[in-house]
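Order as written gives the chain letters A, B, C, D, E and F; numbering starts at 1 within each chain.
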Amino acid sequence: MTDATPSSSPSTRADGRADDELRPITITRGWLDHAAGSVLVEFGGTKVLCAASASEGVPRWRKGSGLGWVTAEYAMLPAATNTRSDRESVKGRIGGRTHEISRLIGRSLRAVIDYQALGENTIVLDCDVLQADGGTRTAAITGAYVALADAVAHLRASGALTGEPLTGSVAAVSVGIIDGVPRLDLPYVEDVRAETDMNVVMTGEGKFVEVQGTAEGAAFDRAELDALLALAEKGCADLTRMQQEALRA
Amino acid sequence: MTDATPSSSPSTRADGRADDELRPITITRGWLDHAAGSVLVEFGGTKVLCAASASEGVPRWRKGSGLGWVTAEYAMLPAATNTRSDRESVKGRIGGRTHEISRLIGRSLRAVIDYQALGENTIVLDCDVLQADGGTRTAAITGAYVALADAVAHLRASGALTGEPLTGSVAAVSVGIIDGVPRLDLPYVEDVRAETDMNVVMTGEGKFVEVQGTAEGAAFDRAELDALLALAEKGCADLTRMQQEALRA
Amino acid sequence: MTDATPSSSPSTRADGRADDELRPITITRGWLDHAAGSVLVEFGGTKVLCAASASEGVPRWRKGSGLGWVTAEYAMLPAATNTRSDRESVKGRIGGRTHEISRLIGRSLRAVIDYQALGENTIVLDCDVLQADGGTRTAAITGAYVALADAVAHLRASGALTGEPLTGSVAAVSVGIIDGVPRLDLPYVEDVRAETDMNVVMTGEGKFVEVQGTAEGAAFDRAELDALLALAEKGCADLTRMQQEALRA
Amino acid sequence: MTDATPSSSPSTRADGRADDELRPITITRGWLDHAAGSVLVEFGGTKVLCAASASEGVPRWRKGSGLGWVTAEYAMLPAATNTRSDRESVKGRIGGRTHEISRLIGRSLRAVIDYQALGENTIVLDCDVLQADGGTRTAAITGAYVALADAVAHLRASGALTGEPLTGSVAAVSVGIIDGVPRLDLPYVEDVRAETDMNVVMTGEGKFVEVQGTAEGAAFDRAELDALLALAEKGCADLTRMQQEALRA
Amino acid sequence: MTDATPSSSPSTRADGRADDELRPITITRGWLDHAAGSVLVEFGGTKVLCAASASEGVPRWRKGSGLGWVTAEYAMLPAATNTRSDRESVKGRIGGRTHEISRLIGRSLRAVIDYQALGENTIVLDCDVLQADGGTRTAAITGAYVALADAVAHLRASGALTGEPLTGSVAAVSVGIIDGVPRLDLPYVEDVRAETDMNVVMTGEGKFVEVQGTAEGAAFDRAELDALLALAEKGCADLTRMQQEALRA
Amino acid sequence: MTDATPSSSPSTRADGRADDELRPITITRGWLDHAAGSVLVEFGGTKVLCAASASEGVPRWRKGSGLGWVTAEYAMLPAATNTRSDRESVKGRIGGRTHEISRLIGRSLRAVIDYQALGENTIVLDCDVLQADGGTRTAAITGAYVALADAVAHLRASGALTGEPLTGSVAAVSVGIIDGVPRLDLPYVEDVRAETDMNVVMTGEGKFVEVQGTAEGAAFDRAELDALLALAEKGCADLTRMQQEALRA
């Protein structure tokens, strides 16, 4: 619900933000009536509906282990982008990008899960992008964590678990270099122009869960990499604070 | 935005409505930033996001005809229902129910389209159910018409067409017999108990576009069919009025 | 084997029939050697092979319930139509129309099944259109009922059931409005010109199981709907009589 | 329409045939109203509907070559076999056996086609097994040739070609060794017990187009192979005569 | 490792071989570290990697029978051919040719397996063509037999079986008629020009397991068929000797 | 062909390497006869066959742009791993991991391509893992670059291009933290035990193309990230030197 504090340097970004400033972030809990946890998360124009479904039991390969499971599926509505994209269900196959992001979200959330404490319960996080304006995967991770926390509370309330399966929190943000300048939380117009693009997932304690940097144009050197990591650390810290506020509400 | 007027008979419905009364209906236009038309339509707990994408050109089999095309795709998010359902993109195939409803929505909207006036433009209506509580296909048709009207206005504003491709409006509602009593606009709890279930699509002028009645339990006689049709006529008239109000706003 | 009795009004139909007259109907039982029940049904040029396969056991979701199951699959041979259509097995996916009709046939037959009396047995009805000349789905339902009755008799003869799982009979017919005139049992040449097209499934006792009316051109009013329903009631009554004759043979 | 002449040796086959005798063969032309050629071919209990669809033009990779194309698709109805088999369109993929037989039929027919004389026309042979009792692929080839001949005549009558694209005829038969005895035209009960199974496709002039022999149990020696080839030569000669009779009718 | 002995007649083949002479054959065992058996087999420029994976247990339909199972999967790397071919995993479906060859390899190997002696173990033979220059299926069978023999030895060494599941050996070779001359072991340049093409699988004892002859151009007569069979008998005998040498190494 | 120089510290790795030492690396060019470039690359037990196929023309969306295209497909043979994995072509869909790695390889190679200088030519890199022992994606990138360089030389030799489309070289290596110790180039036994796993792609000039770090167990801090990046820089420099040697050979 809170913007990141503006930096003092004069902004040259189209939306007037400082280079190390997040877009307006909104985290709306309980957006759906039935899901164990549900969050509509907005990073500027990017809107992702994150729904956590909890069920007893685990996939076959994990049965009898006493351990739980957490997984995620990411998808984008056809009209979420500027130009309508074809529906993957109609094409009959999931694209590589969708697969990749689903796997990233799942891994990120599992980084803060104690399977033993979760017990043989499964939580599935569905992250459906209703509107895409850059940073959909990082918004999805950030919102999905909150939905996951609600689902865990739901399981505890229903008596399905007693301990604390959450060992921490996770948040994620994109950073990139545009016209030689490192920037935080790229909207679509910046993303397409970025020479380097990086998605960083961090725990609430400031440790790294995932670092995925890609040279879109020229390769980047170590100094640029360091600058991007610093920006990401700031952004994830801001997002962590907003997640905490949302969960206190 | 308006409830249907309550009838005078004492209600026995769980939500306190009269038998011929719609659930609270909300039609929110412009829910997305980019789509030519976009509507979040709510029939009680049922929430459907209807997005109209307009593009120049028509499918190959229609090229050079001077005629436009309107089509629709319906889908449900995995967490839209009480119990999470598998994603059709993951299963790699679209289910029969999804196919059937997509085709119904498309036919319903095409009933009020003058292809000649639309010219060689295509409008795709994506109807994604965010939350399902009965009547998702009728909510989708009712909302999609409004999104379609916005998309047509968008095309006209951009100079892509000059005439009026809309020859009227369409709205749709479900009716059914529960414990022998005909009722309007069934939520999930009534839908699963209905002996007979009917979806009716009508034009704003009160003519029928689609009548789909199914005996879920016992077969129904002509008198029951007549009672259901009368209820549907009332419901569609109410919805038509709400569509007009929404479009005036 | 019997035509419907001709009406007195002078016919304007290409095949010389009265508006309320069925095409020549043939119901040939025992067309296959192995199936529990098999019927080649012909509605004029439309030929559908309906085969009922009976097996012990039910789908997994129904196991242990003591209840049986009846389902149907409809398909069309590639050369059944004027212009060869692609094979769905080669395309790797079933089209929406095929799905829709398979579901319709299954629902129609289940309307006259007492699952308890059927016991944990499954009957699958395969309805393969060998030649299509309009009304393939209604011919399929009408023929499938006879094959189903034979399969039930077969199960009883083999001792797999003792009671009577059939609570009645079902038959189906198409009706439509061509050049403003309501007509019964449309062949292909009438079907493509119909302004409104309706398929009606009824029990032998004259109650409705399914009513599916679609405005292909202009929307239809209540008077037209009533005229179509009356025609369908006559047609289904005629077909019911022919089914009874076939089963007595 | 004619049985093969019985041999003098006392038969030990379940159906009383001599070892070198075909089952009753029926070739019914014009079984469908629309196809350019259509044949219901029966080899004993095996019934295959062979439909030839002719169309102007050829596949993309052959355009502008002046050459025609002939191809085939084989499939089996679910209820064609003793125990119902799953529909390949429902499974979403074609099995290896279906692929293999479709390819065999296509190659066999192309062996007697002069592409130049056919001109840029395509003939598709759909061979759908309505009932299977052994030898479905050989019945399909034998019937498909007759349907192909009719389709060629149809193209000539319509002025689509002037020369003679048929350079001969093809017929096919199965042979096998059962309990050490070589036999012609195996029904299902013999086929499952065969130690060696061979399908042979021959031209009307007695040359080989395909020889496909498989040791199901023990490997076979050269003498056994020679005996099988001799039986097949006799069977194909008989079938060629029946094809000629059918085409004269 | 050994060439077939050259015949005395002056060769007219592009690679200088006699008409009844094999290409240089190499059989390299143990090409992979983990597989129970693995062979890189080369027939001239054709290179196939044959890997045998052994596992306890059998497919569901065979459980509790006490019998083992052997199956094979054939595939070609995209760059194996002159012109890159599309990957079947990317196309989402296996082509008919791949299916057909996988089935042929499986049947050929099963011809020398005693399921009882194998016990409830499964051996899967993966035959991946790394480079294709004609005769890939016959090279695959010849190499797969050696990998199978190694896998059987592996199972015996691990105590998973005690008897001898191999009842003999199998090898395979292609033969064909080019410019009227029968030739052994066709490379790609000969294969595309062959009027008749035949693949023959034989046991080490000189019996036939599979004979698959196809007229690519003109149909072939009995004398030609006999000449091809004689060539194949010689080729398979040579290959059997090379397999024995390889297994002794 | 050259091992990395061993470090002085006493190794605790199972294979006796220093923590900053590569496994034995082999780069064999020209492994296939037909591909424009082909390399068998080995990182210890990991063997990847990288084949570059060059063709004139570009995908449709790029036609007429004057720009070339480079893409990659990664796959693993079923028997490449310890336990046989199912074939993706048989499953009918490509897994997320395969998609992800194919995309990574393509992006990495495109980072050193000047599309303008490549002209409207397409180069496809097929990277098929014949044996997997950790680091298959990094071996694939390292080998694919060499195959790409050969394919470019091939295109130049054939006159299909004149300039220099390669703007540099790329190599890749995996690094990870095992028992708290950062290590270079992980084999399978180390990979499964790694707390953090990172793949790094760098240019020959020492800039980053891709950085993909994942916390498999505990999240990692900035100091650990820095240590991993330093190891990767060393490893990529070593690999770059080996690529140069291989290309000089």
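Note that a contact is a pair of C-beta atoms (placed from the backbone, for glycine too) under 8 Å apart; a residue touches a chain by one contact, two chains touch by 3 or more.
According to UniProt, the chain labels map to these proteins: A, B, C, D, E, F = Ribonuclease PH.
Since this is a predicted model, take the numbers as computed values, not measurements.
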* Structure fact -> Sorted by label, the chains bordering both chain B (Ribonuclease PH) and chain E (Ribonuclease PH) are none
* To do: From chain C (Ribonuclease PH), count the fewest steps through touching chains until chain F (Ribonuclease PH) is reached.
  => 3
* Among A-B, A-F or E-F, find the interface that matches D-E: by residue number, over half of the contact pairs should be common to both. => A-F
* Asked: In whole angstrom, what separates the CA-based centres of chain B (Ribonuclease PH) and chain C (Ribonuclease PH)?
  -> 28
* To do: Please compute the C-alpha centroid of chain B (Ribonuclease PH), do the same for chain F (Ribonuclease PH), then give the distance between them in whole Å.
  => 52
* To do: Any chance you could list the residues of chain A (Ribonuclease PH) touching two or more other chains?
  => 92-94
* To do: Please trace the ring of touching chains beginning with chain A (Ribonuclease PH), moving first to chain B (Ribonuclease PH), and write out the chain order.
  => A, B, C, D, E, F
* **Interfacial residue positions of chain D (Ribonuclease PH) with respect to chain C (Ribonuclease PH) in the complex** => 32-35, 38, 45, 49, 51, 53, 55, 73, 75, 77-82, 84, 87-94, 98, 124, 126, 128, 130-131, 133
* So in the complex, which bits of chain A (Ribonuclease PH) are touching chain F (Ribonuclease PH)? -> 93-97, 99-100, 102-103, 107, 111, 168, 198, 202-203, 205-215, 218-222, 225, 229, 233
